[in-house]
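Structure first, then comments.
First chain written, first letter: the chains are A, B, C and D, and each begins at residue 1.
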Amino acid sequence: MAYVVQAGEDRFKIEAKRLEAKPHEDIYEVEIDGRKMVVSIARISPTHLSILVDNNSYDVEVERFGNDYQVSIRGEVYNFQVRDERELVHTTHHESGESIITAPMPGLVVDVVVEKGKEVKKKEKLLILEAMKMQNEIRSPRDGKVIEIKVGPGDSVNTGDELLVIG
Amino acid sequence: MAYVVQAGEDRFKIEAKRLEAKPHEDIYEVEIDGRKMVVSIARISPTHLSILVDNNSYDVEVERFGNDYQVSIRGEVYNFQVRDERELVHTTHHESGESIITAPMPGLVVDVVVEKGKEVKKKEKLLILEAMKMQNEIRSPRDGKVIEIKVGPGDSVNTGDELLVIG
Amino acid sequence: MATSPFRKILIANRGEIAIRVMRACRELGITAVTVYSEADRASKHVRYADEAYEIGPPPSTESYLRIDRIIDVAKISGCQAIHPGYGFLAENPELPKACEAEGIIFIGPDSKAMALVGDKTQARRTVEAAGIPIIPGIKEPIEDLKKASEVATRLGYPILLKAAGGGGGKGMRVVEKEEELKSSFERAQSEAESAFGNPAIYIEKFLIQPRHIEIQILADHHGNIIHLNERECSIQRRYQKLIEESPSPIVDPDLREKMGEAAKRAIRASGYTNAGTVEFLVDQKKNFYFLEVNARLQVEHPVTELVTGVDLVKEQIRIAAGEPLRYAQDDIGLKGAAIECRISAEDPETFLPSTGKITEMIEPAGPGVRVESGIYEGYEVPVYYDPLIAKVITWGRDRKEALSRMVRALEEYRIKGIKTTIPFHKRILNYPPFIEGNYHTQTITEVEPSMENHHIEIGAVAATIVAMAETRISIQKARPGINPWKLSGRVNGLRGSGW
Amino acid sequence: MATSPFRKILIANRGEIAIRVMRACRELGITAVTVYSEADRASKHVRYADEAYEIGPPPSTESYLRIDRIIDVAKISGCQAIHPGYGFLAENPELPKACEAEGIIFIGPDSKAMALVGDKTQARRTVEAAGIPIIPGIKEPIEDLKKASEVATRLGYPILLKAAGGGGGKGMRVVEKEEELKSSFERAQSEAESAFGNPAIYIEKFLIQPRHIEIQILADHHGNIIHLNERECSIQRRYQKLIEESPSPIVDPDLREKMGEAAKRAIRASGYTNAGTVEFLVDQKKNFYFLEVNARLQVEHPVTELVTGVDLVKEQIRIAAGEPLRYAQDDIGLKGAAIECRISAEDPETFLPSTGKITEMIEPAGPGVRVESGIYEGYEVPVYYDPLIAKVITWGRDRKEALSRMVRALEEYRIKGIKTTIPFHKRILNYPPFIEGNYHTQTITEVEPSMENHHIEIGAVAATIVAMAETRISIQKARPGINPWKLSGRVNGLRGSGW
């Protein structure tokens, strides 16, 4: 089974097969965009890997945030989407025209700056959420129109609660 | 159910009852040798407790080594045996006259200093075990006689392997 | 092991600074008492304390800002003194006033000096009278937009809006032109109100690309005042300091001497005692202007500790106990260089707060690295308080060594489960003007998102390996009703292409 | 960020010292290559390195002591230099010899100087000729009991047996009287054989309650030699150092100057370059006697780094690259005081090794604390190597502050899953003669097991609470076939009396 792994414009097709399990490491054959390499993985924890490739050593942390995998190597951080190649075929056909803006953290809605029906530009301010003593501006991820506003000033929201819908 | 908790000559009879479970703490009523106190427990991990008693704060680590519970508080270390009060009644009747000396760590037997049948004193040297580049002397825990020798020079042993029996 | 003038101290704070103060107490043999909100029962400061008292619900207005409850705890627990840390009540003169009324020693200035320096208008007037240059601006707090507009027009844009009631960058806004004034003024008022309970704002001329440089002071009750060199804190975002260092790359011994003397004069004129910081802006011609006095221990105090060897918290405690300063000005050296990065629970791209549980954590260590943190593996970062969760401070024989150690330390620091600003700090540390010491308070806006992707392929492989393992586990978990033999077959099938 | 004379270095070691050296490499911008045995694939030094090469099975004779394989790795990976750390091959002149043959730079003395100082008999002769006092004793290694007995009788008991082939306390024994000589001599020979492959022993007069004080040296290839003050290492068990500090409580500036000059003479007479340590014994009248030269970085080098601000590993690398010393003797200050505790995976009462998996770990931090460790949460401490797993080093403005910080740091350090010597160190730190600085190489035998039990009741309660929870869990786990409703009833029943 191959995976499509994407971070921004970088996209890799990756297939990994375990060749051998030793006491302190697993040996994989990894094919990345058609190139094969042998990779040694020592699991420091399920999401913390020590990787050796051609004797190059990488101490790699992986975190899952929803469908994204955030990977840290020596202070460099990547956000990857990892999808089963077959799954990918499905989802690309289902793209909806609406974006649901959700709360990135728990907080208090201080102000909703836009009204329903307003045309907004990408990065335009939508509402202000207070959390950790700071007022944080929630901006539009794209150009579009405000289709629905689900919260009002004074509302407390949790991470993931829906705030507005941009169409 | 009461427990008998013992460290050397200190022995406590302890009974604990959970009164309340809050989001960040559990409140217990603890009776120790007849005195009652209210104890707040926050579990940092299953074996790492933050304890508040009368507003005194203790950050306590508990480790289980076999039947012993090793407890560390601010660099003080206690080794407790914790036994169900009922269980205690049984075991005290079953004390055997033999002590089995087991390997405290994995290593290589370098020398057995005693022979079978020899009378030994408490703290007398029994054998030499090499581990972590050091030669370690295994000594008798009591006065007695060497009843059986289960290993010889050159043997590799693991933690808990039986070395000798003193009767 | 050590003797101290106090037997027992209350630390009225939380997080890394509470632990910092408690560490000093332990080293001095003082019993450390602390307070906590309902959200903080399992917080590190409660675990570190000798005694801990719950003082109310999670919002700080109902707990850490409740002077009445804090005074009660001090009395019940028999504390002789209160250390406020920074933030919360640290610059609220009502706390020292309440202490004075109850015969408890406040570890900081007295209420009168704190009120004076906390009132920025009055503070400016006082230091201006002592002959110290101040930034052109008005000397009155403003609550009214019309007045604000007049003053701004007179000074000429750009101007700066600041909360009159407190510091720390909250409520601060630059206004580039007249059209922006209304919304900025209102936002600043609202933030000032929410942070300090006081919507008053004051306005000053905004200097172009200035540097923020401050002088650390210690002043005892016997009239002795010394300074402990400068710290440069020009790396700021929205007027929140992010990186601080000592010495400043642009301060030479002559300027240090002049600024140090000015700071001491400001402190003397204000009748201020204990540790304090005099903040200046320095323009491109190295003219310096008095900004304000921070009447407390600063977040960035460790950089001064590393280059002077003085433990500022212990000196605060000794001063509060009435001891004369143990150091004369000549005893204060300046050895090597130190730098601090403030690590916040924020997304490093958007700076939105990131709360949640810390699932794994490895802190940096080794030569020249100091970590001050209030977190641990398993800790839930709460939504109620400041997002600052840790500070990394490095020392080097020279600035270059301190910086290279900081990069190394940031690479070592791993905090999982929440997002932090570590990647952002690494970008600044690699930004050539910063490396050259050639930066100012606006520098941060120039730093581009990182384009580093040396390791992207390895990262993609790691993500794949972990995703494969998770797929397997979730298939196992999701099908409890399945015949185990069949499940085993499925898992083995997957195993063929993964873990 | 930094430039360096080398592009790539091989670190031929493991554990905390390998990481220490790699940290210096990172800060200097040097690629760090390391080697590992089959037991060490998941060890921290492999994860920290830029490149890592497996060199054989777990026993060090088949991996870390294999000069041929290490040289191969250096060549394959294109390393310009090899840093040996301490232990393993660090004092084996065959390694620098092999480097010399292959055109690889050895970060340490050349093979000739290392062989000279490594041969203790020859070393003594050399330094004695340079006018430095040595301990009465013979100048020949002994392999025969009869000869040993004659020499011991001539010197008079007590005498000391030492391995001629290496240092670090292995193979060392004091012999109090003739009757003990045979068994001690044989044991010493066997340990010497197993540790260094050389059973030769030498004998010297054993001084009563001496202090072990050593001088840190840096010597470049241009004839410059400086000393970096002394370290006192008198807290030893079986001749293994446990605690080291700088300055020594009994060394005054005059004695420091004299010992420093003697050490430099010894180094010059031996043709020695790079970092090295000259060990002395100091008797109760402050006479000092040359003991030996340690031809490597010492375990305890951080205490010198903290009081001088010099990064010894970086200086080693610069010296090896042929750079002249960057410091003159006058540039080396002595600021404050530093102390180190060596944390071993050993039972703190019996000193038997403790291996296993580290299940939880919290390292100390905050002001004045430095940690050097090679462990992590989840790490399996292997049985094959030295039990030293971590070092805690604290700095203070004076010795009292350094000691109080050490106690605080030891209280903060939590390592679970294995036993460590932390409680033992805490006992020494609380032992009055040690606190007063009035101690010697036998002091440790006087320290009583701790009688502290301030918190025994709380400890007993904690053990009970954890035991109760475990009982509940094990009942749940042990009965998979039981009707879940009944099981639930049982669990709730237990819950009534527990978690």
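Quick note on the criterion: contacts are C-beta pairs under 8 Å (C-beta built on N, C-alpha and C of every residue); 3 or more make two chains touch, one makes a residue touch a chain.
Molecules present, by chain and UniProt name: A, B = Lipoyl-binding domain-containing protein; C, D = biotin carboxylase.
Since the structure is predicted, the reported quantities are computational estimates derived from the model, not experimental observations.
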| field | Fewest hops from chain A to chain B - one hop per pair of touching chains | value | 2
| field | Chain pair with more C-beta contacts, B-D versus B-C | value | B-D
| request: Would you kindly say which chain has the C-alpha centre located farthest from the C-alpha centre of chain C? | output: B
| task | Between chain B and chain C, tell me the centre distance in angstrom, where each centre is the average of that chain's C-alpha atoms. | result | 45
| message | Counting only Cα atoms for the centres, state how far chain C is from chain D in Å. | response | 38
| said: Using mean CA coordinates as chain centres, what's the gap between chain A and chain C in Å? | reply: 30
| field | Junction residues of chain B - those touching two or more other chains | value | 45
| note | Multi-chain touching residues of chain C, meaning two or more other chains, are 376, 407, 411
| Inside the complex, what are the residues of chain A that reach chain D? | 22, 24-25, 40, 42-45, 50, 52, 55-57, 59
| chain A touches which residues of chain C in the complex? | 170, 187, 190-191, 194-195, 345, 347-348, 350-356, 359-360, 383-387, 407, 410-411, 414, 416-417, 419, 422-423, 426, 450, 452-470, 495-499
| note | Listed in rising order, the residues of chain D that touch chain C in the complex are 1-2, 19-20, 23-24, 26-29, 302, 305, 309-311, 335-336, 362-363, 365-373, 376-377, 397, 400-401, 403-405, 407-408, 411, 429-430, 435
| remark: Residue positions on chain B within touch of chain D in the complex are 1, 3, 5, 7, 10, 12, 14-18, 26, 28, 30, 32, 39, 41, 45-49, 51, 53, 58, 60-64, 69-78, 80, 82, 104-107, 110, 130-136, 159
| Okay, in this complex, where on chain C does chain B touch? | 38-42, 46-53, 77, 376, 378
